[in-house]
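Next up: some structures, all given as structure tokens.
Presented sequentially are two complexes of subunit A, the first with subunit B as partner and the second with subunit C.
On to the complex of A and B.
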């Protein structure tokens, strides 16, 4: 794959990720039914629920992993894409790209959480967990940002900046 | 570009092309590019392939245990449901969310196995000093699959799930969580030990 193709694909994936980020956060990820109570939960709703039950540290972990990291990753990648070809701050951009590459995987917490809850939420009317479309969008955002960060390589930052 | 043989005294950085002056390293030291910060050469205290092989073997055993023992049990009014890693995948498929199911399956079951397996093979070749069939390709697979092996993230998700379920009913841990935890520790230790450039160069030296 040529670098031009990599750049183009990476840009497209970042834009797609930013668009998908909206439904991923608005639409419910799952519907939990426990003892007759039906509760559709968005990603933020899940965080809110944890916070309200006095579990602020757990709420913070989920908030950082599933809301902040995907957003920061997409914003960071957008900035890198806009800066492509410029000779400003190449070292900082290289570090940023490495960091974004590392932290992205933690957003998978929400997808795994959905998996575990669906697995044990098979008790019929007593307790059931049903996955919803929000989960699909959320997974799509993660994949877009993951592939985008993978396609845009550190050496591409240095191509025009090298003497 | 970590080599066991001597490098030329000056060479271009593999990332940014800056001119690098090589120097003698003490064990544990790294040579980094002064402009972009890329690690170019590292002198290990000892051959890292034995440790990698041992960790990968341990990891493969733990992977089997983590997949055959239930992780947690949820209990609502005497009705119990326990889960294996695969139960969530099957549940998601039943509900029609196969893309999400595929992602969970790949990142928590398939990728860890492929990652451990390929490292086991590659480290085995480095240890014995023999060129195993297709070892270069397997090493490439290990590099490509590494970011997808997400057992530690799965472990955190299990903890969050328990916290959430605790609000709704009785939930307790099963033996599987021990194996998932140990597998996480093992895969994080491996991630720290694996020096791709060293392995790449070691493989080129094998006959």
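On to the complex of A and C.
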């Protein structure tokens, strides 16, 4: 795969991630039924729920991990895509790319968590958790950003920046 | 990629050649897919959303924005998107986003209610909401589309279909029927009571909904009545317990039927009357009025009108007119009997009457008073009647009322029957104390017996139960069941009937029939010893038959003076020379006499004299030989030195008994025995001055002869016997008191 293809694919994936980010956050990722009460939860709704139940630190962690980081990752990738070919700040951009790459290792944790919840949280009539389309979108966002960050190599920053 | 680029020169390596991008367009399939997915999502989300509606509730317990769902026929058809109080703070505004497939719910007539658990006797619903939380339920309406609704405060009775027929039933009061009570038609539940309400004018009514499929059964001639939850009825047939199904057991129900043949189906919201009972529902004829002077026992809505014994109507209302002192009863008959309401109709109030004259109207004791209708169905139709108050079979007016005085009235009371020759001729109306501390009974004699009551009629008490005993008889008399309890009064005239009695006549009450029969002027008799005599009990007898009664007993001048009365027709006993003798049982070696008096008590035997009538004092005898007194005939005397013959010995003439020795006494000088004998009247001509008397029964004489001259008579006649014979030339007939000599041997 040529660098040009990588670049093109990476750009396309970032755009797709940005598009998918919207429904991923609007749509409920799961429906929790606890003691008869049906609660469809979006990611943001989940954070709200945690915060409302007095678990502010957990809410903060979930917020950072599930909302901010995917978002910042997309923003960062978009910036890298836009800066491609420019010779400015190559060092910083390389660092950012490496950081994004590293974060990518953990990015699927939400989905993993969702899978565990759905699998474990089947307590019949008392409580149940069902995965919803939002989770799918969320996973798609994560996959897009993951592949985009992987396809875009640090050397591609340098190649064009120093002809 | 190299093939597409112009071969770069060695030196030229800074030149960037824009690569043709056509070949890498496939990469953009990802954002395209993402956009498509997002777009589809948005589109499907948008299309799945129906209109947003607002429902006003008075309260919305457990309704949460974003969580509570709208359920229609068990399907989630919308979501609550907002819950807020309305401006006036007197209600809740719930905003619901309907789903697209349920957007038709946003039409007029749709009912929304909050489904919450209801656990009552009548029903248990909404249990699922205990677990799932409250939800909003909907029932589809059919009007034009709208977005604002007023929510119901309670779940409707028919959550699925709107009822096709709603009617209201008016009733003065609705005791126990409530929401959900079933409505039956011929035993089939066809509807429910929806609501119970009081309108502005204070009238109560029930809103009833009838199932769609049964709506055609409600006709404009239908009559509705209340089925009591459980009815326990006592009737002449016994007690019956009716339970109209389990649902009705607790809350009762309503039944309806059309009793009239023609009826048309009714419109929605029709008005009907609700009758308290089936029989009052059946009575759907025109209302009419009966006026009673006294309506005791009448019950509005209960009392039935019977015709030929069958209930055909009932009393609907009772109104007391205090000015006219009358009670106006509004009544209705079954329509088919309405032709009976004519000017000749008679209404009689029948109440239970357990008087001593008998028990009448007994069925009303259980069923309550009723009104009997008598009508020929002829005459002008009428709607206004005057009712009679009565007990069956007894004429109310007519008859005569008289006063009867008595010494004491032990157990007679108002209602006691008055008999005339065994028939009930009247009754005791009142028992009161008259002037001079004499109890008085006011007695009504019924019209048909009025003629039987004469000025000289005699009243006597009929004992409740009487036991009388005599020789060979023991009789227990019970004067019917009513008299058994209370006794009664009887009357009769024992002499020639006098003038018909009027209401001003006074009568005396005697203790017994015997006393009443003894109507003669008092006869006074003096006795040396009055043992066994009882005033009011001891009878006077003539030839063994009771003919009078001892009225009173007192002692004067060392004697017992008895005042007695004899029955009508026996005045001849009051003659000079009449004999009155106390007869009582004698048990002696000589025999038993007056044995019947052991049971019947002593009595006074009367033997009329031949003298003139007298009011003077008679001298009574104490006799143990009643036969003596009964003998009538020629009295002679027979003297003997010594004889075993005793009083009672027969006098034989040619083996025929013609008389009797009645007395055996010592002569005045003590030298001989004097036998008094009576020869029966028809045989007295046999007796001549030269008749020969001898002792014919001598036992010792018989034993002495070997010829076995022991005659059977000796055993039969232990007193011995006297025979006489006449010589061939009979002398003159004898006069009373003639003295004969008793010989030992017969005439040769």
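By definition in this document, the second predicted complex is superposed on the first by the 160 of 163 C-alpha atoms of A that agree within 3 Å, B and C clash if a C-alpha of one lies under 4 Å from a C-alpha of the other, contacts with A are read in each partner's own complex, and residues count from 1 in each chain.
To be clear about the criterion, a residue touches a chain if its C-beta (ideal position, glycine included) is under 8 Å from a C-beta of that chain, and two chains touch if they have at least 3 such contacts.
Please read these numbers as outputs of a predicted model, since none were measured by experiment.
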- For the three-chain model obtained by superposing on subunit A, do subunit B and subunit C clash or fit? fit
- With subunit A at the apex, the angle to the CA centres of subunit B and subunit C, rounded to a multiple of 10 degrees, reads 110
- Go through the superposed model and pick first if A:127 touches only subunit B, second if only subunit C, both, or neither. first
- Winner by number of subunit A residues touched, once subunit B and subunit C are compared: B
- Task: Go through the superposed model and pick first if A:44 touches only subunit B, second if only subunit C, both, or neither.
- Result: neither
- Message: Once chain A of both complexes is superposed, is A:68 in touch with subunit B (first), subunit C (second), both, or neither?
- Response: neither
- Message: Per the contact definition in the header, classify A:113: touching subunit B only (first), subunit C only (second), both, or neither.
- Response: first
- Quick one: classify A:23 as touching subunit B (first), subunit C (second), both or neither. second
- Based on the superposed arrangement, let me know which partner A:58 touches: subunit B (first), subunit C (second), both, or neither? first
- In whole Å, how close do subunit B and subunit C get at the C-alpha level once superposed? 13
- Task: Determine where on subunit A the residues touched by subunit B overlap those touched by subunit C, and list them.
- Result: 35, 163
- Could you pull out which subunit C residues touch subunit A in their complex? 1, 13-14, 16, 19, 21, 24, 27-35, 37-38, 41-42, 67, 69, 130-133
- Query: Tell me, which parts of subunit A touch subunit B in their complex?
  - Reply: 32, 34-35, 46, 49-50, 53, 55, 58, 61-62, 65, 90-91, 94-95, 101, 105-106, 108-124, 126-127, 130-131, 135-136, 139, 142-143, 146, 150, 154-155, 158, 161-163
- Message: Under the definition above, what is the set of subunit B residues touching subunit A in their complex?
- Response: 14-18, 35-38, 71-74, 76-77, 79, 81-84, 87-92, 95, 97, 99-101, 103-104, 107-108, 147, 150, 153-154, 156-161, 163-165, 167-169, 171
- Counting only contacts in the complex, subunit A reaches subunit C at residues 2, 4-5, 8-9, 11-13, 15-17, 19-20, 22-23, 27, 35-39, 125, 133, 137, 140, 144, 160, 163
